[in-house]
Structure formats: C-alpha cells, structure tokens
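Chain nomenclature is as follows: A, B, C, D, E and F, assigned in order of appearance, with residue numbering initiated at 1 for each chain independently.
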Amino acid sequence: MRPSGRDLSEMRPVSIETGVLKHAEGSCLVKMGDTHVLCTATIEDRVPPFVKGTGLGWVTAEYGMLPRSTGSRMRREAAVGKQGGRTVEIQRLIGRALRAGTDRVALGERQITVDCDVIQADGGTRCAAITGGWVALRLAVGKLMAAGDIVSDPLPDPVTAVSCGIYAGQPVLDLDYPEDSAAGVDGNFIMTGAGRLIEVQMSAEGATFSRDEMGTLLDLAAKGVGELAARQREATGA
Amino acid sequence: MRPSGRDLSEMRPVSIETGVLKHAEGSCLVKMGDTHVLCTATIEDRVPPFVKGTGLGWVTAEYGMLPRSTGSRMRREAAVGKQGGRTVEIQRLIGRALRAGTDRVALGERQITVDCDVIQADGGTRCAAITGGWVALRLAVGKLMAAGDIVSDPLPDPVTAVSCGIYAGQPVLDLDYPEDSAAGVDGNFIMTGAGRLIEVQMSAEGATFSRDEMGTLLDLAAKGVGELAARQREATGA
Amino acid sequence: MRPSGRDLSEMRPVSIETGVLKHAEGSCLVKMGDTHVLCTATIEDRVPPFVKGTGLGWVTAEYGMLPRSTGSRMRREAAVGKQGGRTVEIQRLIGRALRAGTDRVALGERQITVDCDVIQADGGTRCAAITGGWVALRLAVGKLMAAGDIVSDPLPDPVTAVSCGIYAGQPVLDLDYPEDSAAGVDGNFIMTGAGRLIEVQMSAEGATFSRDEMGTLLDLAAKGVGELAARQREATGA
Amino acid sequence: MRPSGRDLSEMRPVSIETGVLKHAEGSCLVKMGDTHVLCTATIEDRVPPFVKGTGLGWVTAEYGMLPRSTGSRMRREAAVGKQGGRTVEIQRLIGRALRAGTDRVALGERQITVDCDVIQADGGTRCAAITGGWVALRLAVGKLMAAGDIVSDPLPDPVTAVSCGIYAGQPVLDLDYPEDSAAGVDGNFIMTGAGRLIEVQMSAEGATFSRDEMGTLLDLAAKGVGELAARQREATGA
Amino acid sequence: MRPSGRDLSEMRPVSIETGVLKHAEGSCLVKMGDTHVLCTATIEDRVPPFVKGTGLGWVTAEYGMLPRSTGSRMRREAAVGKQGGRTVEIQRLIGRALRAGTDRVALGERQITVDCDVIQADGGTRCAAITGGWVALRLAVGKLMAAGDIVSDPLPDPVTAVSCGIYAGQPVLDLDYPEDSAAGVDGNFIMTGAGRLIEVQMSAEGATFSRDEMGTLLDLAAKGVGELAARQREATGA
Amino acid sequence: MRPSGRDLSEMRPVSIETGVLKHAEGSCLVKMGDTHVLCTATIEDRVPPFVKGTGLGWVTAEYGMLPRSTGSRMRREAAVGKQGGRTVEIQRLIGRALRAGTDRVALGERQITVDCDVIQADGGTRCAAITGGWVALRLAVGKLMAAGDIVSDPLPDPVTAVSCGIYAGQPVLDLDYPEDSAAGVDGNFIMTGAGRLIEVQMSAEGATFSRDEMGTLLDLAAKGVGELAARQREATGA
C-alpha cells in the first residue's frame, strides 16, 4: 500500500491555474498534490550568442525552491552565492525538454525564459515544473501568435513529465516525497502529448533494475502523461 | 489625482491569508493591492555565535523577489551568484524591525528565520514583507506557546510597516509602483500596533523635504499602521 | 554624563583636511574625534547604462573599512570575496545622499565616484563619510568648473550628515562608539546646509520611540549639521 | 556510414592502463578512441556529515576537462570561479553510478573520492569516466582488502557505461564527437557487468523517439557494456 | 637623468611615522617619496591549523590598495569579489619575508597579521609595505615583550626591502612609478639589516640581463637597505 | 647525500614528448623525474584590450594541478571556486617568463595561451611548466610560420627554468619534493638558452643567504639550463 492510499497507477490530484501573475507573458500555478510550482514565461528579443543570426528561437529555463518549500528550511541559494548541483541539473533538464518540443524555426529568433519556482515541495517538482512550464510557454507563445508576431504554431503538442518508480517492490506512478525518499529505482519520463519520448532518466540508488521493470514503468508513465497532457490542453485552450 | 484613483490617505485593499504552506511553522500570503509577498517563519534551535549562551532569542530575515515578479524580468540572484545591494538592505531592515518588536528574553535562546519572497511586485514590497513577516512570526511563536516551550508572550504588539511619500506635490499613503517611481520624497514607517516608532526611513531622490512635510507623512503613516495592525491581529487571532 | 564628558549637544572636534592625495580630482581626510575617513572623488566620462543619453550626471559612492580601523581586526572584504551587508547599505546611502544634493542637469553626462575609506573608526563613520564625501565631490566639481567643463554650479549647498540618539535616557548629538553600542535609539540625519532634510534614518534596537523624541533628535541634528556645513564651506572655499 | 568507418555496433578501440600515477591509491588512464580520461581514487577516513555514524561508506566523484582537451580551448573552470552546469551534472552522475554498484556496508565508514579528468575529448567522456572511475575505485579497494581493512568485497561486479544514439537515422554504439554533435537522440547507459541497469539517460535534441528505438539502443548498449566490463576485469585482475 | 632628478643611487625621501592608529597593537605610516603605505600589526592568540600544537608562532600579511591611490581609479577588490593576482602575489611575498626574519620559537604559538594598505602609490609599494610592515610588527612584539608575554626578542634585525632596476640603460636605486613603468629590468631585494639576503626577485619584461648587471643592482640594493634599516631602527627605538 | 642519491649538480632524468594532444596547436608532456606536466599552446586571434591596436602579440599562461597529482589529495580549485594564491603566482610567472623570451613584434597581434597542468608532482613543477610551456609555444609558432602567418621567428632562443637550493647545507641542482620541503633557501632561475637571465626568484624560509651562496646557485642553474635547453631544441627541431 502507498502511504497516501493511492492505487499503484493513480496520480495525485492535479490542477493548473493560469494567469496567476500580472506581469509575465505567460504564467501558471501547477499543483500535483502538495507539490506547488509557479511557472512564468518571459519573451525577450535577444538570443544567446550561439543562436544569433540563425533565425532560430531559443527556450531556456531556470528553477528554484523557496527556502521553506521543504520540511526543514533549505539555505537560500542567492545567499549561499551559487546554485547547487541539483538545481543546475534540473533547470538544464527543463530547458532541454521544452526545446525538444518547440519548433525553433516557427518560434523565430527570440528567446523565451521559463522560470519555475517551487512554492511547496512534496516530490516530483521537476516533473511539475516541466508540465507547468510548458503551459506558461504556450500562453506566452499564444500572445505572440495573437499579435501576429508568430504565424505557424511552434508548440503543436504538449511537453509533459511524470515520475514513476519502484516503491516497496511495486511499480508506482507519480511518487510523492515519502515514496521518492524510499524508492530503490525511480525515473522521470518526459513525453509529448502524442506519447513520443523526449527524455528518459532512470536511476537506481542502492539497487539495480531489469529491462522488464523499465518497461513496466514506461507503461505507467504513458498513462500519467496522457492524463496530464489533457490538463495542459484544457488550461491553454489548445 | 492618484493613478489608482485612491484618496490621498486611502490604502490599497489588504488581505492576509495564513497557513498557506504546510511545512513552515508560520506562514502567510500578504497582499497590498497587486503587491503579493509570501512570508514564512522557521524555528531553529541554533542561534548565531554572538548570541550563544546569552539566553536571548534571535530573529532574522531573508528577502527575495521571484524573477518575474516585476514588469521586466529581473536576473535571478542565485544565478548571478550574489544578493544585490537592495536585497541586502531590505532584509537587514526586516530583521531589525522584527527584532525591535520582540521580547528576546521571553523568546528564549532560539532563532526564528523569516523568509519574505515577493511573488508579485507593485510598490511597497518591504513594508508588506514586514507586516506579513510579523504575522508568520506570530504564528510560529503561537505554536511554541501552545507547546509550552515559551511561557510569556514575546510578541505582545504587532510590528507594522507602511510607506508614505510626496507624489505630484501631495502627501499620499501606501504608494504603488507608479507613484513610487515618480515620488520626490518617500518614506517607510515601521511602528508598533500601539503607535510607537521602531524605524523611520525617509529619503528624497532629486528633492529635499521640510520638517512639516515629515510630520504630515508621519500622520498618514500612523493612520495606515492602525489599519494594518487590525488586520494583523485578525489574521493571528491576537 | 557622556563617556567622553561632552555636553549632550556637543559635537566631537571636527577637522577637514583637503588635497591629501595627489592623484584624486578631489580628496579630504575628515576627522570627527577619533573617527577618520579618507574621501576621494574621481571624475569619469562614462555613466551607468540607465543614465546614458539622458544628459544627466551621476554620483555614486563606495565605502570600506581598513581591517584594523576597529578595536578588533575585521576580515578584509576583498579576501572574504564580498562586501558585507552593512557596507552595501552604507555605500548606497552615501551615493543617494550626495545625488540628492546634486543638480544632475548642471553636472552634465558624467559620473563622479566618491570613495570613502575608514582609516580609524569610533562611531559615526557613515555620517563622516557623507560630510567628507561632499567635500571631495565639491573639490572635483570645482576643477571641472575651473576648466569650463561645467558652467552652472551643481552643488550650491553642502550635503551634511550627523548622528543623534538616545543614550542612557538622554538625547545626545554625534554619538561615539561607546555611546553608539549602548544607545536604544539612534538616527542618521542628512540635510542640506540650508537645513532641508535629505534623508532620515532612525531605528530602535531593543526599544521604541515617540514622535516627541524624534523631534528632539531632529533639533539636535539641525544644530550639528549647521556646525558641520560651516566646516565644509571653509574647507572648499565655498 | 559512420564518419569513422566503424560498423553500427562497433566500439572504438579501448585501452585501460592502470597504476599511471604514483600518489593515488588507485589510478588508470582509460582511452576510448581519442577520448582519454585520467581517473584516480583517493581513500579518506572522513565521511560527509549525513553519513557519519551510520557505519556505511561513501563514494563521490569530481569531473573536469583540461582547457585544451577540446577542439577550441575551453575556459578553465578554476579561473572562471565555478564549475559549469554540465560539469556538475556529470560528476553527480558518476558519483551516483559508482555508489549504486558499491556495497556500502562492506566498504565501511570511509569515503573514496574518484577524480576523472579529461585529457583529450572526442565524445563519450562521461561514459569513459564511469568505466575508468570504477577501475580506479576497484584498485583502491583492492589495497584496503590486501591490508585487511575491508573483509568482504564491496565491488563484486563492474559498473560500466556506454553511449548509444540515433545518428543519420541509424542506431549506433559508442558515439564519437562528430556523431554526438549530429545525433538527434542519444543516451548514456550505465549497467553492471552482469547486465543489470543502474542508470539510463536518453534525450532527444530537436527530435523525439519511440519505445522501439529505445529498445534497439538498449540492445546495443548491452553489447558494449559486455565488452567494456571484460576490459575492466582484465585491468583489475578481478 | 632620472625623471625626478635624483642621482642613480639616491633614494627618495623616507619617513616612518609610528603609532598612527589607536586600535592596532603596532602601526606606522611609511612614506617613500609619494608612495604612502599604512601598516598595522594585529596580535591574535589563534594560529593556522598547520601550526597548531607546534609551539611556533606565525606571521602573515594582507595587502590592498585604496581605489584612488593610483592615477586612474582602480576597481575596489571587495566590490569585484576577489583579490587580483598581483595583490595575492604581493601579500604572499610580504608574509614570507617577515616570517624569514622572525624567530618563530621566540614568538611562541601566536599569530601576528600585518595589514599593508596603500594610501598613495608612486612605485615600490611592495618594498615600502615590507619595510613599514616590519616596523608595525616590531612595535606589536614590543608590547608583548613589555608585558612579559615574550622573553627573548624574536625580531633582532630589521627586514627591509628596496627596488632597483635598469632604467634608460642605467642601474638605479628605488624606482618611482615613471621609472618602474619604463624599466627593462627590475628587482625587489629583501634583506636583513645586517645585509643577509632573504628574498631576491628580479625580472626582465621585454629584455634580459647578465650576472654582472645583477651584481650591480645587488650593490645598489645593499646601499638602500642600509639607509632604510637605520630608519626602521630609529622608528622602533631598536 | 641527496635522498635520491644524485650528485649535487645532477639533474633528474628529463624527457619531453611532443604532440601528445591532437587538438592543441602545440603540446608536450615534460617529465623531470616524477614531476610530469602537460603543456599546451592555443593560438587565438583576439588579444587583451590593453594590447589591441598595438600590432604586438601577447603570450599568457594558466597553471593547474590535478587534485591527485600530490601525495594527499588537494581540493579541486574549480570546486572551491577560486584559484589559490600559489596558483596565481605561478601562472603569472610562467606568462611573464615566456613573454620575456618572445619577440612580440614578430609574433604579430595575436595571443597564445599556454596551459600547464600538473599530472604528477614531485617538486619543481613551475620550472617544468616553463620549460615545457616554451616547447608547446614553439610548436604552435612553428605552425604559424609554416603557414606563412609569421615571417620572422619570434622565439629564437629557448626560455628555460630550473630550481636550485641549499639542502642540508649543500648547494643542489633541480630539487625534488623531499629536498624542496627541507631546503632553507631555494630559487627558481629562468634563463634563455644563451644563458641570459630572465627572472630570478630566491627565497629563504627560516634562514637567510649570502651573495656568495647566491653565486654558487647561479652557477648550478646555468649548468642545468644548458642541459634543458638542449632538450628543448631537440624536441622542437630548433
């Protein structure tokens, strides 16, 4: 039995509230159970040097956790003077995933920065950040399209992420924090709404896994992504 | 006329929602118009070295702004690698103000860290942070008192802050961002609920002011603090 | 009785020696009792990005303390790798105060950087830095006027700062270190030579204060500023 | 056809030279084609705070590239003042992988730090670092066992890594730099010598992939890992 | 002819004023022409970890330049966030030189930190810092001896430094800034008052030199050191 | 007797292997006994700002030690977040020495960066870095000359470095680590192949030295430099 009483393949309640911040070109507050992440998208005319002159767009991401989003207070990275390894790893993943789902020709030579700030953490923050980050990105792109700045839709299909793992010997979908800390194997699965794979990260801490177990987790992930992508489409009116 | 259409001595709508985060010992989301600040209080047994062994408590604060809390995206301080001068100045002010309103003997040798994170900014974030920070602090102290860890109340009276300034030649209460950027003189007034002064910071940018003008702003501030302290008391059941 | 034996409204001996460094466009060594601050002004043609093209000038300041300016050695900020919160707060105050007293149109699109380095500290270093910083600034501006680079005087009236506080229950002028460390309330008052207010910073540490007490301290400050402004005028031949 | 003329499932020539540095407890120079990585293992009695008192061992890793290991010179991270995001991500991966293959009870409460420094880069440096890092770790552990400090072998089975990807529409094993930069999908597969999975990281840049393609790459990876594990066993006499 | 009109073997006017700062255990302001360096010595009971328990003393040094000690303003190292390479090199040299002249057994297990801050620079700041640093150190040690904390004198002979170089084809003593910037070869010579060598640093920038030229510069240096050591002895009453 | 059994004026076995890295324009692995340093030279079209437009070339250097090049593991400077004082001092020395031996007019307005990374340390790493650094530089320049980008040879004569010191009361050539740690006086001597001096750095730690002793060490150094320069010429075919 899962600590939350959920079925093995049952996700936590999901909600995606859009337009939560007045300044950002796109924003949402995504909640997956008690994991709450605020996502914003900012449109900028400048692009990184290595993109300049290519005509291609760029999508990048930054990630942070509020100091008291967690059970015991984390040190504020701005005060420490650098982003920790985990933060860097996660924000690189978010950026890579959103770029993979973006038609950079259609986006045109501009940059969109997606900020994902964890307000409250209960496992799965990177997946929530990707799922919500896509919504914010989609809303910002929607403004560009409405204004005629972009003609062809660069984001036809959601980018969606979910975690699965082996907890207490059982494959489970959408791990919360108590499951995440105890799981021998866990993975993050990033897919398109149509079910194509974008990124798979599976790792064992203190254990190993077989290809069969990997297949089972992929099945669970596909189910979760399907449910989440429906929510993303609702939230963005896509 | 003020850009918002408010009367000269009219505050923005204020709301203080408590208990918004499940992990923190005390938390609230304070809204002064479109300025939204999330405040949390964390109780720790350790105190800074210079307090150790004195039997006195310590209250400290950290402040941050989400990158897209503002009209154009700010660089994330964690990514830049240091807190900017304005951030440092503000968090020192918050800590000093809350300490001034705390009976450190009654608190006992423990530290409470108040985190104030600006979700959305529209002027007056430091005042909102102090007002909301006190609420979070009070809630955390309430838990310590309920548990019998503290016997005598170290926070008998709210610590409350409001800004006033001279905008378009007129003294106004509770400046929003359009007023703040145009004001020749503005001040932050931190008081106890009983109207005693804790800290006054008035400054002129491109102008100077007289003692009479200072007096007028103090009158306005006293009015604003009175209204805010009532809200703080409601929110904390004090 | 004050530790130094001074009357309540008696300043420490003040001296302002100008032209102490051969390279700087303006320089002075200001002494307020045992507090000694070396101030220099550097004229630069470049201005910060946000000023560029406005035709306005800019005045900024940096502040530092020599490691052994204090009773026990402070760690050198260059070796630590960053300026502490107190340093940042003070140098922002100095810059803001000097700008408030400068006619930025008359200055023209150039920057003057005022460096204030504390050689020896005995309380009131930020006030001495502002008072001496204005002298250095005035001397540098004098060179620009003598050379015909500036026609209209951008610094008609001194910017002057003094501290006052409540020490042992009594309002006192120009706190030295023993008074400063024990004062329940202390304030820094920045005024023009003509007595207009530029910035007021009053704070209570472990106490609160009333409007009446604030008024008494403002009276004391006005007296001190009058005496200091006379010295600034003498030193700069204004 | 692959740029190197290799068959789709053909690895580059592999060599593992051990004992290359006289000071380290374990060391090797691993070459996978033109990718050369120097790996060392250092035994320390101290463990990180979160391990202290558990009786468990700890394995951690650091990764670096010499500035001119690459086609154009990279800035030296020590001079820049921080490790880049890619470096941090890779060294966390190496540490996690080696820990997953270590019996931390058998290791006992000590730490082994594995340093992987890329002397020359031609794709697949992180995989070479894991494969060579395990050899250095094994040699260091061998010394501890020879000295009787460890009784039961904490490293019974190699930890081995190889990259696979889809290059020019074809699944290929062990990508070199020209392939890596052009591949639409690539993955790093970390396994035990016995073929159990430890970590899988697949990502698409500008493309997506199906479960079938994932399966094909896993087959290739298993072949490569088998060949590499044989070399690791030879090198360590296991 | 030298720009200053000095003879080839003529030093600039030297003065050493002691006791210039009231807080430091030893202090002096050393002037070699227009090069002015403020030196302080701070006695601390703690020693660095690698000295602890050896019974030996430790002498270390830090060096800094005020931003406007030079012709054009230097960036403040505390604001930049690190000490530059030149600063680091110089402060290591000062520490090494003073240690070489100290009987660390006689000093006993304590640390003395010598701070050398350049108030005004006109060439030869590192030599002035060593010469003045020894005076500050000697005065601090004098207090320890007067108090009976040290019995045997750990500083029997001055540590003294002077620069020499080849300027316009001629060997010259005590280079000022115009000479220093144009010299093809220059050297810093650190000796004891008795004429024993402690450290020699000679370097050619855009030239080379012979052993004969080296000999000539050593002769000049010996002359300069003799004159400086006399001043150091006067200043310290040794 | 020397720990290694060498004669007083006997160097360690020297080898210089060139072309060890495929990407660098010049590279070598220099071994002086157990001290192994990898040196590369990178040609860049950009020059530092202070050289721009002068028509002169620039040579600069960076130095690093692999964490386990030493008996006990050193902390990785990239992870610490800054280069230590010793590193900075050494890389400045290498750059200065190589520049002194370079005809910057002949080099033309381009920069060559020499990276020296210590793979294994056993004393004398900075001397090996200079000796090997010159070889890498020479090879890179050779490419420029072969391509006709440089017409006149900017490096006619090797830049060579060797250490000497007084160990156990005896002058010895080419100190290894056990000698280096115990030597009362040691020096680094940088010369041209023709025997002209470029830089001399002699220092005493816990001792002093006379001019006679300095002369003896210079004699030894000249012998060592002669032998090393022959090896540099062989390695570069000069």
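In this section, a residue touches a chain if its C-beta (ideal position, glycine included) is under 8 Å from a C-beta of that chain, and two chains touch if they have at least 3 such contacts.
Here is each chain with its UniProt name: A, B, C, D, E, F = Ribonuclease PH.
Quick caveat: nothing in here was measured; it's all calculated off a predicted structure.
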| item | value |
| --- | --- |
| Neighbouring chains shared between chain A and chain C, ordered by label | B |
| If a chain touches chain C and chain D alike, it appears here | none |
| Centroid comparison with chain F (C-alpha atoms), farthest chain | B |
| Size of the rotation, in steps of 5 degrees, that lays the CA trace of chain E over chain F | 180 |
| Numbering shared by both copies at the chain E-chain C contact, with half separating same from different | same |
| Pair in D-F, C-E or B-C that repeats E-F, with over half of contact pairs matching by residue number | B-C |
| Whole-Å gap separating chain B and chain E, where each centre is the average of the chain's CA atoms | 51 |
| Chain centre separation (chain B, chain F; CA means) in Å | 59 |
| Residues within chain F bordering two or more other chains | 81-82 |
| Circular arrangement of chains, read from chain C onward through chain E | C, E, F, D, A, B |
| Chain C-touching residues of chain E, taken from the complex the two chains share | 21-24, 27, 34, 38, 40, 42, 44, 62, 64, 66-71, 73, 76-83, 87, 113, 115, 117, 119-120 |
| Interfacial residue positions of chain C with respect to chain B in the complex | 82, 85-86, 88-89, 91-92, 96, 99-100, 104, 187, 192, 196-211, 214, 218 |
